Each structure stands twice: as structure tokens, then as C-alpha cells.
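Presented sequentially are two complexes of subunit A, the first with subunit B as partner and the second with subunit C.
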Partner chain A sequence: MDLGLIAQYLANGILLGTMYALVAVGFTLFFGVLDVIKFSHGDVLMLGTFIGFTAWLGLEAVGILKPWIQLLGVLLCSLAGTALIGAAIAKWLILPLKKAPQLNTLLITLMLGTAIREAVRLFYPNGSNPKAFPALLPNSSIEIGNFALRADSVILVVSGLALIGLLNLVINRTRLGLAIRAVAQDEETARTMGINYTLVVLATFAIGSGVAAFAGIMNGLYYNEINFGMGLILGLIGFSAAIIGGLGNLYGAILGGFLFAGLQVIGAALLPFASAYKDVFAFSVVIALMAWKPTGLIPERSSDRV
Partner chain B sequence: MKFNTENGLRRIVLSLGVSAGLLIATGAQAKDTVELGFIGPLTGGVSSVGLGGRNSAELAVKLRNADPDSKYHYELVVLDDECKPNVGVQVATKMATDRKVVATIAHYCSSVAMGTVDVYHRFGLPATVWGAVLPDITYGNDYAEITRVNGTMINQNETAAQFMTELGYKTFAIIHDTTDYGKGHNKYLSQFLTQNGAEVVGTFGVTSDQQDFTAELTQVKSLNPDVVVYAGLTPGGVRVRQQMKKLGIEAVFEGVSGIKSDVFFEGLSGDLAEGAVTFLEGAPAEKLPGGAYFLKEYAAADFDSPPEAYGPFAFAATDLLIDAVEASGPDRKAIVKYMSTVKEHDSITGPITFDNHGQNTVARITAYVAQGGKWVVWEDSDYAKGTLSLAAPK
Partner chain C sequence: MTNTPLLQSDRARPWACAGAVILAAGLYGWALLMAEETWQVLSLLILAVVATGVAIKTGFVRRVERDWAASETRLNRLAFAVLIALILVLSGAHFALLMISTVLLYFVASLGLNIQFGFTGLVNFAGAAFFGAGAYTAAVLGTMPMIPPILILIAGGMVAMVISLPLLIPIVRTTGHYAAVVTIAFGVLFRTFLEVNEVLGGPQGLMVNSMKVFGWDFYDAPSVGGLDISFYVNYALLAAGLAALVFTLFRRLERSWIGLHMDAVRLDETAAACFGISVKRTKIQAFLLGNLILGVSGALYGMMISFIAPASFTFSDSLLLVSIVLLGGVGNPWGSAVAAVIVVLLPEKLQLLQEYRFLLFSVLVMLVLLFRPEGILSRQLRNFFPDRRSDA
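What follows is the complex of A and B.
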């Protein structure tokens, strides 16, 4: 196969992988601190993207047309809005159910996701149609043989990876991160050490949701199109990525995200049968991997769990 | 939580009262009123076409109700199939089991129609298709209840293949969604292209709600075809066109009838839509025999969305069913019988003649090109005149 083509597949895969990793990170954070699986994650992501889109419409309406300022505004509104929504969901839906069976949390977030999705579809003006998301990044590209390297893809991947790096720093190097890790390890002890448990949980959900919103905006900027159903499949893929990576482990989520993107690209590019089956292929491999390593590729240290 | 029995009881009594009231209200009106159904995608990615069809059907009903010579008062019962087969079967069953509905105008999406024709047959409800183009909807069964006023994708692809090869294009890559609609288009287009001496260099099946086409398009890029065909509906078409640009693929973008919607331009920023080619049965409303009349009345009715490509067919289907009721009375069996005799029946889309499968035999296909943010009939476009040109064959 042509070298340019391989590079193209690689570039596509890296971009998808970054996006999936950003979503998976949220799942893994939530599971880390609260042992819950928040199924509305994908739809919160979609909501965040629509908040960003609405912010863009607002900026257009008041006549602020500089792409960089627009981008900043979109990101700010979307990330802040989604972080608030994430924290609100934690406070009023997930924390009150902490003593209930985990199944209840799972169910309630599953239903919340559907409610968010349908609400956007029904109440957002013309919400059932796909929306043209603005191209706010420079659209220049370099052609090397069969390989088109686009400036916007590079910016998206770099900023996505930077965000993951930043998150890693926050978790491992700051007092907040220390508190999050403490709560994840042992809630009781963390409380006795004077850590404000509720605040840490809310902060974690805010961070996870904000990161997902970033993935949503990234999705919009890359495909220049958003729709009310975009969170469903992204959420599912993010969840699978978090699981194969090892739920509760940040690096696992990143690994899982890239692995899943790689599987999709391989499924579409290399396998002899039609590309229609690329998701079937990717999910089948996920099933096989889970059978082989039920706790994920990078399992959480078991001492955390006892 | 404690259940408040008294309150609950009161609610039940209240709701019973309300429903009884509703029953009486509808019962009083039922005389002389004939109900016709309309089913189409009113929400979801192709809702603009569905709403245009619904408006057109409503217009036909309204115009006939205003006619003092009509024997009945007509009412349209509208249901949403969301362009999803499972939802379609549900609403079709709902429509078919409602004995007050004597006939229905149904479906824009072929995949939905494929699932519902059995339902109409089982309940004996006459259904006239207004937009779905898969041949098997009429040709795949012997159901007398099913008729169709628009042409099929066989006609469409025969014209498309001939048209594109005459322009000098030789190599085609086809991306199709894996619904009956996309697969059907792929089958017939490939067949006619090969017959016309062109080559299909690659075929890619994709799911209908797929977001990322970069993997398929990267392969398309290596095949370097003259033309990239997307056989599916507008949302997918928008994404494929968008991502072709991202990967730097220089080829003509050809669609099928499913992308000929004004939403195609809304979803694409800049001049990305420019030069896309597509085909559609019939002709633009203004070129149809009764087009001027239809457009005038449509504008006068002040709907908040345009009739879109298939509006005239929905109008014609509704008008035909009303004629059937006028001629043979509001009875399902009588309407089915009447429909089997339809020949050279006057309509705004031209005379309608059904063959023994209930398929309108008048095939008229028009080629369109996207020019300046609109779908322009090829013959009227600057591309045909030579002032603009599509990407040249390689």
C-alpha cells in the first residue's frame, strides 16, 4: 500500500483516537471516585456541543466575527456550561442515589441521556436536522503525495492531547488531584482526613463533563456538522474504550480510545470485506479483549478496591 | 412514597369524563367526513421533505374541501414515521387499524415502505406511495392495496448512468448506506454504469447514520475515480461531501434522489455544494403540467416550509385518492378496486397510469446540478451552457 495512504489512515486514526480518549477519560474519572457508570455522558457531550453552537450563533448575531474570538467564546461557554451541568447531575441525581444499588444510578443516567437527547431534538429550533457547525480553524492543508495533512486536524489533535496532559497534571500534581485520588482510594479515610467529599465529587464530574464537551466541539470543528444523536455512539465508544483500557485508570482510557480508533480504521481499510462492518469488527475485538482481560488492559490496582 | 387513593380515584374519574366528552365530540362530526392518512418523516434528518409532502397533501385536501361539488368533507390524519422502519411499522399499523381512515398517502423512505406494505395488505388499507423509489415496494409483491405515483430507482439510475457516461466520466466509486434504499441504488447504478461502458472501481457500504467517512474516503482517494457517488439521504451526503474536501479528493460528487433537498445547502458551508449532481423522478414543480397551479396555491396557503422535491407527488397522490373516494365511496375495498383501473388519470405531475403492480409507468427523470446554493435543472444551468464546468474526467 502507498505510503501516503498509510499516513492518511494514521492521521485519521489519531484524530478519532484523541476524541474517543477524551470521552473515555470522563467515564474513568466518574468510576474512579464514585464507582458509578454515568450513561448520560455522551448526551451531556452533545448538549455541550449545542451550547457551543448556540454561543456561536449569539456571537454572529452581535457581530463578533473574528474566528479566534468566536472559537474562544464557543469553547468557554461550552466547557463552562457543560461542567455546570455535569456537577448538577452529580449533585441532584447521582449523589442522592449513592446508598442505592448501583443499578439505579445506571438506569437513572441512561434515562437522563434519553431525556436530554429528545429534549434537544424537540425543543432546539429545527433540532432534528443536522446543523452546519462553523469551520473556525484555518483550513489550509499540505499535500504530500496521497496524504493531505490539514492544519485544523493538527490543531485539534495537539490541543486534545494537551488537554489530556493537563488533566494528568491536575490529577497527579495538584491538591485537587490529590483529593480526587484520595476519595477514589478510600472515601471514609479521605473524609476523616478533612477532605470535602461532596466538593471533590462535584469537581470531578465538572471536569469530566467539561473534557467531554471539548471532545464534542472537536467533533463539530472536524466534521463541520453536529446533530442531536452524535452523543449516542460517541458515548458508547467512549465507554467501551474506558472498559478495555481498564475502568478507573486514566492511562487505560487513553489507550482504549486509541485502540478503538485503530480497530475502526483497520476494519475499514485492511479487511477484505465491506467497510459496513467496521463497527462490528471493532466491537467484536472489544468483546474478545474483555473476555481475555476482564479488568481491562491496565487494571486498577486491586489494593484500591478492598 | 404513599399512594393517595382518593386523589388517584378522582383523577381516574376526571380522565374518564374527558375521554367520554372527546368521543361525543368526534362522533358528532363523523358524518360525511372522510379521513385520509398521511405518513412521512416529519422529524429526523429528512424531515424537510416529509413536511413538504405533508403540506402538499394538506393543500390537496384543503382545495377539495373548498370545492362545493365534492361529496364529502376530507380530513388528513398525519403520522410521523421518522424514516425508521420500526417506527414506520408502528404508525402504519396504527393507521391501518383505524377503521375511519379509508386510504393513506405513505412514505418517502424506501426502507420504511418495505416494512409497511405487508401491514397495509393485511388490513386492506389502500396506500399510495408518494416518494419512496425502491422498485420492490410495488414490484416485490402482488398487493393490490399498494400503488405509487412517482417513478422508481430503476428509471432514475438508468438515466443517471447514461447521463454521466455521456459527459465522459469513466470511473466511479460508490458509497452507499446499507438500507434497502442505498443498496438498491448501488445495485441498479452499478448495473447501468457497466452497461454503458463505465467502471465501478470501488463500492463501500456504510451505516445510514455514520459520522466518519474518512476511512472509506481514504480508500476512494487511492482509487482516484472521476466521480464519487453517495447513494443515501441528505445527512450522509453532506458528511461525505464535507469529508471529501478534508481529504483533498478532486472528483465530481454525484448523489441520488435522496440528497436533493434544500437542507443539502444548509449543511454545507461555503461553496462545497457547488457542482454536485443528482437525479430525480418527475421534473421541478414549475415544469410539471400542473406545476404553475400547484406552486400558486402552495404559496397562497402560506406554509412555513417549501414543498421540497416530492411535494407535487404527495399532492398528486392525495388528489388521486380523493378522486377514488368521490367515484367509489369511502370504502377501502372499493378504493382498491378503483385504483386498479387508473389509466391516463389527470394529475399535476402528468397523466398517471398504473401497471398491474400499481406502479405509475410514466418515467420522467430530471438531472440537477448544485449551482449558487440551489438545485438547478441541468439543461438550464451554467454547467450545460459551458460557462461553468464540473471536475474534468481523469
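What follows is the complex of A and C.
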């Protein structure tokens, strides 16, 4: 195997890893503040991408054709819309079930994800077919040997990593982040310290969903195609990534995301006779990792209260 | 509990109300299966809703419940007899029989999930994968003529059980969300594996040979006294037998020590361990037994529909199975039966719903979880002494 091919796999892995990490971060944030898994995350992401796509169609129709302005419009609409949807789900579906067993929240959001997916498939114009997502980024590439570094993937990775860094800053350096961490640590104490619990939860869900929408747009820009089922697999991968990293830990999610992407790439590279098996390989390793480290690579600090 | 069966010797026929309900359900099932037009189906549905409302208002439901507690065995037999009668009455209608068999097999599958989820609290989001494993086993073994069909059914269950063996360690070691991801990952893995695997037909799927008992092909429609009988009668009867068998097993399990252990593990693992129950062993028993049942029902299903493809065993289908359990009421087999009828029959009968069924059922389950978390029929207390009355 020559160097160019390895570099190609590496570049691909980094891009996928960034995308998965962005999705996984949402899962881990939600788990942190509410101890719940919001499984509709992936489908909310898909919905956000479709909102962005619709925004692009709208901008085309109005006659704004500059790609950078279009990109900005798409991102703004998608992120804002998805953030609102995420907060709404938290308010009307997840907070009311707070007293119920944790499993019910998982189940209800699983069903919500199915409902969103089916609603897009049935009610979006021609929703059951894949849509061609516009290539809004420059499509030039630098050739190094037989390795082509695409400019758009560099931009995507850099902006994705920047977003993760920004999120890290928000969580660790701002008052909102302090409130989120306080709620994650102990809800009751946080409340007595005057933190507006509901607002913090809603903000967390808005942030997490917005970040996921960014990953969705990234996916659309890179593959130039979106469909109603993209959220399911991205959500599954993001969930697995958050779990193998260790729930409730931002770094765990990032680690998990890159690990999963790495597994997929290794699977595709080492099994050249059947690169289609790469997901089988990646999920098998996830199951094996769960057997080895039942609470993730960076486990949450907890003790059983009986 | 003041209304224990021991206090009911004053009522002359403690099974009359519930018996009437079973007969009415049989009649209703016949009407629903024979209804062709949308308005007929809709009016039948409205009738069911109104009847249920009236029954709750007038306290009839409580009497039925008491009847059930008093003479469970007899009523179960009556229900089975009504089911067989329904199959025989409909013996000429292919589609109706296919529907009955499908409902029965989904019911059996949901019993398997109920042992895992309802008793032990293990969520299995790969139900369709184990169901599919059974169906694929039937497809592969069906090509070998010397293997008797009953053995194929058992083999289907065995294969489903064997492929769940690698999951045992992660299932036993993890809890809660971490356990959920194991089965979800397995479901996706299984489906992807089937799609990329050339030997098992890839995305196109496989043909499954029909069942042959002593050289008699189940697809040769028997003809009794010149009457035309659908070949689905065989499958419907077989499915009914399987359902009765698994149902009995389920009830026995619930009443046994193993069932008690499973409930204890679900309610509180730590407390169960303190009382000397092996949490690991109980979880393993529940997981393997549930998958065995899923595999057997999948094998029969594969033989019946005679064509299987990976697209029939997706994550959405697993969710549909979980929906049956949740809609019906976790841990209650009769609830699962009702829910299986709703989930399988309704979209087939109301063709305009067919396209929207996943949407419809996901919203339905969300509403159930929000407003009636115990499901349509909630699980009753254990009835350790069915049919035991003070004068008996």
C-alpha cells in the first residue's frame, strides 16, 4: 500500500471522525444534564439538514446566488431551526418524562425519531428520494503524488474542529457552561444556587441539536447528497461513539467519534475484498469494547445509590 | 386484594363473562378479516372503541378480569378453540389466513421479547435480527431435503440463540443505555451483514422452501370432500399450535422460580443479588430463551411467506416488535396479542394506512408512553393458583 492511499484514508478518517464527534457531543451533553438518551438526535440532525436544504432552495428562488452568502444562510437557518426543535423536544417530551424510568425516555425518543423520519419521507416533496445537496464550497484540490486533498474537506474539518473547540470553551469558560456543568453534577444543588434549571436544560438541548445540524450540513456538503435515512445511521454511530467514549464526558465523545471513524477506515482498508463489511467490523468492535469496558473508555464518575 | 378467586364460589358460572368476550372477539375477528370496504373496517373499529368504552363504564371489565383469575385454564382453552374455529371457518380465504398466521407469529415473537423486556428488563432492539436469523436458517436448511421441518423450526431457534452468544458478555456486564447500544449495534450489524453477504443472497434475499411433512408439501392445498381449502390453513394451524405452546411456556415460566427471579432482577438488581439470585444467570436465561422463541417464530414465518430479504429485518422492524410489547402492556401476553392484531392487521385492512404505518405506530407508542405507560392491558399480579376455588 502506498503512501498516497494511506494519506487518503487518513484524510477521510479525520473528516468522518469530526462529523461523528459533533453528533456524539450532543448525546453526551444531553446525558450530562438530564441523564437521558435522546435517540431522536440523528433524525433531528436529518431534519436540520433538510431545513438547510429548503433554505438553499429558497435562496435560489429569491435569486441570491453567491455561494458564500448561500452557505451562511443555509447554516443560519439550519442551526437555528434545529436548535429550536431540540429545545421543543426537551420541553414537551423529555422533561415531562423525567420521573418515569430512564428507559421510557429512550423509547419515546426512538419512536419520535421514527416519526420524524417517516414524516420527512412522506410529507417532504418527493421526500423518499435522495436530494442533491449543492456544493457550496470551492471544489479545487491539491495533488500530492496520487493523493488529492480536497479543499472542501479541509474547510469542513477545520470548521468542525473549530466548532468543537468553541463548544469546549462555552462549556468550560462561560457562565452558561458553568450552569450546565453544575446541573450535570447535581440538579438539586444547582437549583438551590439559583440556576434556572429548565432554561439550562433547554439551552443544552438547543446547543447539542445545533451542533448536530452542523454535522448534517457537513455530511451534505461532502457527499452532495442527503436523504431521509441519513439521520438514523449517523445517530446510531454518534450514540455508539458517545457510549464507547463514556457518556457525560465531552472528551469521551470526541475520542469515541474519532475511534469509530478510525475503525471504519481500518475496516475499509484491511478488508479490501469487501469494504462493505466496514460497518460490520466497526459495530463488532463496538460490541467487543462494551464487553471490555462496560461504561466506556472514559467512565463517568458515579456510585450506585441503593 | 379482596377479589381473590377463593372468595368467588358464590357466582354460579365464574367464566361466563370472559367466555362471552372470547366468543365476541372471535366473531369480531371474523368480521374484521372478511371486511373488504374501508367503511366496513372503519365502522368495525368504531364499534370496538365504543364497546370497550361501554365495558369500562359499566364495570364489565372488572368482571371479566375476575373471571379470568377464577378460571384461567378453561378460558385459555376456549380462546384456543375459538382461534382454531376461526381458522377453519376461513379455510377458503388465503389472505385472511395469511393475516391470522402473521399476527400469531408476531405474537409469539413478542412473547419472546416480553420474557426479556417485560420480565427481566433487558431491552432487545435487535428483535428483527433474531427473527431474521430464524427465517434465514429456514431458507438455508429448507434446501436440504432430508431435514424434517420440525427440526428446521428448532434449528431456527437454535441459530438465533447461538448468534446471540457473543452478545452475552456485553449484555451481562452493561446496564441501561449501555446495554441498549449493544443490541442496537447488533441489529445494524446483522442487517448490513446480510446485505453484503453474497452467500445468503445479498440485498435480493432468498427463496424459502415450503414445509414438507412426510413428503406432503404444505403448499399442496388439501381438498376435503371437494371443498377448496387454502394452503395457508396448514400454516395457520401450525402457527396457532406454536402460539399455544409458547403461551403455555410463558405462563409456566411466569409462575416458576425463574420467572420470579427475572422479576426481581428487573425491579432491583442489587436487592436481587442480596437475596442470592444470580443476576448474571437470570439475564442469560432470559436473553437466550427470548431469542430462541424469536428464532422459532422467524423460521416459521420465513417458510410461510416463502421469500425473505434483509429489508424485512431492519431496525424499524425491531422497533415495531418493541412497539407491540409496549402498546399491549409490558409483561402481559394478552396485551401483546391485542397489540399484534392492531399492529399487523390494521395497516393491511386500511390500505390508506399502509404507507403511514411506521409513522402511525411510532406516534401511538409515544402517546401510550406519555399517557398510559402500562399499555393497553396492564400486567396482572401473579396468579399462582388459577382455577382454584374454595369449593374445589
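Here, the second predicted complex is superposed on the first by the 299 of 306 C-alpha atoms of A that agree within 3 Å, B and C clash if a C-alpha of one lies under 4 Å from a C-alpha of the other, contacts with A are read in each partner's own complex, and residues count from 1 in each chain.
To be clear about the criterion, a residue touches a chain if its C-beta (ideal position, glycine included) is under 8 Å from a C-beta of that chain, and two chains touch if they have at least 3 such contacts.
Predicted model, so just to flag it, every value in this text is computed and none were measured.
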With both complexes overlaid on chain A, does A:Asn146 touch subunit B (first), subunit C (second), both or neither?
first
Identify the partner contact of A:Ala269: answer first if only subunit B is touched, second if only subunit C is, both if each is, neither if none is.
first
Give one of first, second, both or neither to describe whether A:Ala61 is in contact with subunit B, with subunit C, with both, or with none.
neither
Now for A:Asp279: first (subunit B), second (subunit C), both, or neither, which partner does it touch?
both
According to the stated criteria, A:Ala132 is in contact with first (subunit B), second (subunit C), both, or neither; which is it?
first
Residue by residue on subunit A, keep only those touching subunit B in one complex and subunit C in the other, then list them.
233, 274, 276, 279
Could you list, by residue number, the parts of subunit A that touch subunit C in their complex?
31, 37, 93, 96-97, 100, 102-104, 106-108, 110-112, 114-115, 118-119, 122, 232-233, 236, 239-240, 243, 247, 274, 276-277, 279-280, 283-284, 286-288, 290-291, 294-296, 304, 306
Across the complex, what residues on subunit A touch subunit B?
1-2, 5, 8-9, 12, 16, 121, 128-132, 134-135, 141, 143, 146, 148, 150, 153, 219, 222-225, 227, 229-230, 233, 264-265, 267-269, 274-276, 278-279
Subunit A-touching residues of subunit C, taken from the complex the two chains share
121, 123, 125, 166-167, 169-170, 173-178, 180-182, 184-186, 188-189, 192-193, 195-196, 270-271, 315-316, 319, 322-323, 326, 355-356, 358-359, 362-363, 365-366, 369-370, 373
For a test of understanding, state which residues of subunit B touch subunit A in their complex under the given definition.
43-45, 47-48, 178, 203-207, 209, 211-212, 214-216, 218-219, 221-222, 235, 238-239, 242-243, 246-248, 263, 266-270
